[in-house]
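Structure, as structure tokens:
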Amino acid sequence: MQRNDQTGPTGIYTRLESNARSYCRSFPVEFIKAQNATLTGADGREYTDFLAGCSSLNYGHNDPDMKAALVDHIMSDGVTHGLDMHTTAKTDLLEAFEEIVLRPRGMDHKVMFTGPTGTNAVEAAMKLARKITGRDQIIAFTNGFHGMTMGALAATGNAGKRGGAGMALSGVTRMPFEGAMDGLDSLQMIEQMLANPSSGIDAPAAFLIEPVQGEGGLNAASPEFMRGLSKLAKDHGALFIVDDIQSGIGRTGTFFSFEDMGFTPDLIPLAKSLSGMGLPMAALLIRPDLDVWKPAEHNGTFRGNNHAFVTARVALQKFWKDDSFAKSVQEKGAYLNERLTKIAALVPGAGLKGRGMMQGVDVGSGDMASAICADCFEKGLIIETSGAHDEVVKVLAPLTIPQEQFAKGLDILEAAVKAAATPKQMAAE
Amino acid sequence: MQRNDQTGPTGIYTRLESNARSYCRSFPVEFIKAQNATLTGADGREYTDFLAGCSSLNYGHNDPDMKAALVDHIMSDGVTHGLDMHTTAKTDLLEAFEEIVLRPRGMDHKVMFTGPTGTNAVEAAMKLARKITGRDQIIAFTNGFHGMTMGALAATGNAGKRGGAGMALSGVTRMPFEGAMDGLDSLQMIEQMLANPSSGIDAPAAFLIEPVQGEGGLNAASPEFMRGLSKLAKDHGALFIVDDIQSGIGRTGTFFSFEDMGFTPDLIPLAKSLSGMGLPMAALLIRPDLDVWKPAEHNGTFRGNNHAFVTARVALQKFWKDDSFAKSVQEKGAYLNERLTKIAALVPGAGLKGRGMMQGVDVGSGDMASAICADCFEKGLIIETSGAHDEVVKVLAPLTIPQEQFAKGLDILEAAVKAAATPKQMAAE
Amino acid sequence: MQRNDQTGPTGIYTRLESNARSYCRSFPVEFIKAQNATLTGADGREYTDFLAGCSSLNYGHNDPDMKAALVDHIMSDGVTHGLDMHTTAKTDLLEAFEEIVLRPRGMDHKVMFTGPTGTNAVEAAMKLARKITGRDQIIAFTNGFHGMTMGALAATGNAGKRGGAGMALSGVTRMPFEGAMDGLDSLQMIEQMLANPSSGIDAPAAFLIEPVQGEGGLNAASPEFMRGLSKLAKDHGALFIVDDIQSGIGRTGTFFSFEDMGFTPDLIPLAKSLSGMGLPMAALLIRPDLDVWKPAEHNGTFRGNNHAFVTARVALQKFWKDDSFAKSVQEKGAYLNERLTKIAALVPGAGLKGRGMMQGVDVGSGDMASAICADCFEKGLIIETSGAHDEVVKVLAPLTIPQEQFAKGLDILEAAVKAAATPKQMAAE
Amino acid sequence: MQRNDQTGPTGIYTRLESNARSYCRSFPVEFIKAQNATLTGADGREYTDFLAGCSSLNYGHNDPDMKAALVDHIMSDGVTHGLDMHTTAKTDLLEAFEEIVLRPRGMDHKVMFTGPTGTNAVEAAMKLARKITGRDQIIAFTNGFHGMTMGALAATGNAGKRGGAGMALSGVTRMPFEGAMDGLDSLQMIEQMLANPSSGIDAPAAFLIEPVQGEGGLNAASPEFMRGLSKLAKDHGALFIVDDIQSGIGRTGTFFSFEDMGFTPDLIPLAKSLSGMGLPMAALLIRPDLDVWKPAEHNGTFRGNNHAFVTARVALQKFWKDDSFAKSVQEKGAYLNERLTKIAALVPGAGLKGRGMMQGVDVGSGDMASAICADCFEKGLIIETSGAHDEVVKVLAPLTIPQEQFAKGLDILEAAVKAAATPKQMAAE
């Protein structure tokens, strides 16, 4: 049965769901099923997914191996909700995480299962940094996005989202992200601010940064910048929190987005694609000597989502046992870069943003980016914007997308950009 | 394979999981499966569950109908992660919720799918109340528990958990819960505080209260108190937020814990048992005229957990289409009251707390309560404490627990209380 | 030259002075001189002063000995503005303060010259308490008044004044003053709140209280209450700050208002009548082991107002070398009590407030109190209201007021109350 | 009688005055009198004052005309303490201020008499800006100094002073002062931060800036920078608060330090030299349409310091009726610049700071600057350091200092710098 009327003015969504809903306004279709990079609407139409749950579906929709393991777990009455009790699924995941993720990277971080949202993992990190240092202020960056609960929201830059707080947000000092201001050396500025005892910038508990800013416009920090921050943090007795929620779990071509940059973060919030199948799950990785939590000092009802533990374990075993998946992602990233370079050339002044499979085109205006995305949706491609002015068309395809489908999706995007750019060029003439 | 060594000093939990873990310390067993009120350990031993995921498993573990629907959904590639897009599972849930929950109760609240944690639903409520009123302060109550993220944590009373913030928590004014202070009429005090323009209590954005305080010691507010707060809120231009996360979804014998109290809350955060099967899901019910959110003003990656939508819909259809389930819960609650009355009589000075299937015994000290729970666990019963001093032994059995198993669990509890009380009585002589 | 037109719509005050001005609206006269309890208007009319600079003129206007010493100082080019450098006037004052005030009372507090306002002394106390304890929250009381700068304003109860902040005020937890709520034992409530680890009341850095609330309605705390707070503070590792700015310097019949109550405050902010002649001066008395300030950690340009040091020293030497002045104040206080008792009896339901020379009548409504004060002013008596609803007519005469003038002033007040009460009684019949 | 023992370990200051005292540690002498630029110690030794009460004594110590008027006022029983009531002294001052200061400069600001401290005037400005705009954040600058009470302290940059708060300071966003960071265009950065809706910098209630930073190291903002901020404020609906407490009242060669810069501030806090004779007095000038205070919404006991009103009026009439005084100050400023240029040349890498009679030499290290000041004091010159590292030797002589005495004082300074520089140069060889 088709129920697209649900989205009309008399439909149940309009009648019953809060106005806070958003993506469904851009994609007014009821989706009935999904497989890898394809979403199917109630009318049977297929859409290619270049949004991938905002990078929560790096392995695509409904990976068959994860499905199978999850169904097995359910059918055998495996624990579903486990608070933080020991369960088979949790043991298996921890063992896999240690063996496949931590050890090969020389990391010995502790794993904290926070409430199953990215914002909760970020809050846990912020709380821990303050508790350890006895300091209030966390340095976050322009265009950063870290979540919607009050602690994480304070670190989020977007004025509209901040305004939702209805009150002042505290505990965060803002600094320009690398490249955010014309001609400004952000690292040098931060260094000088912290070196000046009369700067009015209080000694920070931590730096909190996304290596690639997902919502903020696909701004990718350089290894030098990240390394510089890491050093600054150490020099000033602050922790270095690298929020890899959107940029991690393979999105940039390696498991973590900061691998090979020459530093190890103190705290790493993870979420989104961590469970592999899009199930709610989050974790905070903690340098072991910093794991000063007392039992239950930070807790949460759903921190033991065992279904997610099952799929997360399968994801690690299937994709990260060797480097073949990472390589394939890197190749896709290179292809994406090549295609987007051509696409960007269609719009005067446009530029490429991001890295790996987290790239996009800054087309210079939110109106144009929005028109492009709407056009793509008409052609069967789900894609969204990003950036302070929604001026970046952002490609977040599943890392597992078949090459042919990927190419076709980019064809649709290219055509939409061309169409959007044409009148603009004419108008400019 | 038994892996109880996981919990020992060389096990993976000790080595890899953050010290923040808690329940697993009281129940050092690896659980391999669970069905209704029974958890099975890796050694094959069966435990009766009087904790029920802290009221997240009101329908027990792995309800067969929910399992079946969920497996069907998975096998047919139903959407798993849907952001806030329209999906079949979501449509079905909204329709069921409107038909089964809202309409029969004369409610027309909008449903906001927040991030899938209780704390996120509470934060959304607090933000919305502040945004609407332009006021900062939310009046919360002694012994209240509302979550661990910074906004909700400010409303949580527990000093240990507050201390985890590492900085001052703001935006909350604290008032005594009904009965919290000897000889104090809390409602009258709050009324006088708000009536006095020099009291220093700022006009509140909202009152935020749990009808029965789950973590705070099973303190149950009277209908008069709740009604009085509701009226005070209205008189002072504040919203009335009733946090039914732990006390709702049937726990007290009705779907909401405040039914028939003579008021309708403005905002109702729900989570825990909302998904039915313990899957992460939360929602905020919003009086329709208060739904002033702008699109995406509060969002979250996992707000479209479609697996939870499926099981939540089954739960409504299976248990709430008529009043038979509610009646059975009420009967179980009456039985529980009867048994706990006798159990409380075993400890001098002990008293009953709570209502419905959310009752317990205040044994007067955390040490005794802890000893009782440890003894129960030895006998195969999982049960926990509650209260400011962990002095309340709390029975949170699945509402679906078979009568015989329920009785046996209470037998174990009775024996443990008797054992714990005996030396105490002797010592007192 | 009479310039009463200054107060009219075209006058310079209306044209040039900010709308924040207040008392001048009640007393629209230009005053040209003042001596003891008498103010003289530009038209030559004399007014008896029952306001005394809100207790800043305890020794009356322009005491001849203070005048003489000050003029001597000026004529001999004594230092006027001394930052915090050593000067003759400062040395003399410190010696007199030690000999006349501290030693006889068994006190060894250090003297901190803060900026010359009461609010600054309060801020210094709050800062020091937080610095010492590492805690944020200071417990202040309903109807308290402690100043207008952001730190002190947070502790001030009045909603209108708080609203002037334009933002949320933080760092203060509010508790009911003794007797503030019907049937409420405030001390017991505070004790229980602090004893309950889940009360949500954070461990306080200090209690901050006025022994008699000047602006809040002349509420006088009992010795038992004050002693109880002192003990609670000690038990909880908090400081006890007694704000004696309005109630101190003889106002209640002893130099400090808390003498003989059986405790010694940790920190005592003083201002108002400290300089004796109404010159701006404030100080914070600090228990010596708590004087952990680093040099200049709290400073202020005008903390060395040497003119005030001169008059303050004269005041101590003239009035406090023996107990004759204190006794005369106590006698005046007894007389005042007797007269006000009769006056209060004129208004049904009215009651006496305060103690010593800081007493008034609660006439039950701000409108009536305002009408009484306006009537008094017509008859040549300057008197003001106090209390959350401005419902208390407050007598704050100079302690040095001649008995005959005091009696005449009270006659005027009595007549005004009678006049105001009469129609009210009629209306009630 | 000489009492220099007061400053020794057994003296009354050590015994009785709080450790917060500071300047007296650098100048351990008891001063007995002062006239214009000369302070006389208890031992009869004369010191030239290059500190001038931190710019509170722009007209020197004990100006004879102010003294005479003040003594007249006292002898005739003129009102001393007037709350905010109309008095002769206040009327006269307001009339003089309007005629001599406001009208000739085309200003129609309202005058608000705040509590008599600079910090209080700043707090009033911050409160008013927040109240008007409904916004919390005030943009203040690196190295800014605005006072020690919690509101103003939040805007003060110095880490030591901020630390005295004992808790987090809120409501202020920090930006680099012009020239504060190498190669950074501060104005451009602020502009871009405010233009970016995702910068995380909340829309400000106001900018708060000192045209010349007194405590922060004599950093002088250019007219372009000040004008740019003024425009930015207007563009973003924020107020422009120019803190002229230390830089105003003639210090830079004009009454206000920002005259002829091409903008008019919305709010101007004044204090220090406003009373002329160093008596405590402060005021906030308010653009008339912004004077939205309600009566008594911000008040303070000592806001009617009539002695200060008398001397302030004399100061205006004596020094500002025509431009002769301003010209003489400008000439002295030019002379000072010439001398300091030569002095700075003595120290490799040293540079000039400030403008007008508010200039100094950055000698590159706090140790050297401190040694220079100590040496000067030995030679009879009182002079202090400034700057984040106390690295600037700051000349704040009375504007009325006789030329010969000024020259001799600078000779002492020159010799001290030369002495301090010599070993340094040797060490470097």
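Structural remarks
We call the chains A, B, C and D, going by the order they appear; numbering starts again at 1 in every chain.
Basically, a residue touches a chain if its C-beta (ideal position, glycine included) is under 8 Å from a C-beta of that chain, and two chains touch if they have at least 3 such contacts.
Predicted model, so just to flag it, every value in this text is computed and none were measured.
When every chain is reduced to the mean of its CA atoms, the largest separation from chain A belongs to C. Simply put, chain C must spin 180° to overlay its Cα atoms on chain D, rounded in steps of 5.
In terms of their C-alpha centroids, the spacing between chain A and chain B amounts to 30 Å.
Centres computed as Cα averages put chain B at a distance of 58 Å from chain D. Multi-chain contact residues of chain B (touching two or more other chains) are listed as 136, 160, 167-168, 170-171. Residues 136-137, 140-144, 155-160, 162, 168-174, 176, 180-185, 188-189, 192-193, 196-203, 216-217, 387-389 of chain D are the ones touching chain A in the complex. Chain contact summary for the complex, chain D toward chain C: residues 3, 6-7, 12-13, 15-25, 27-35, 39, 42, 51, 53-54, 56-57, 61-62, 67, 70-71, 74-88, 91, 94-95, 97-98, 110-113, 115-120, 123-124, 126-134, 136, 147-152, 154, 160-161, 163-168, 170-171, 205, 271-272, 277-280, 284, 286, 291-302, 305, 307. On the chain A side of its complex with chain C, the touching residues are 167-168.
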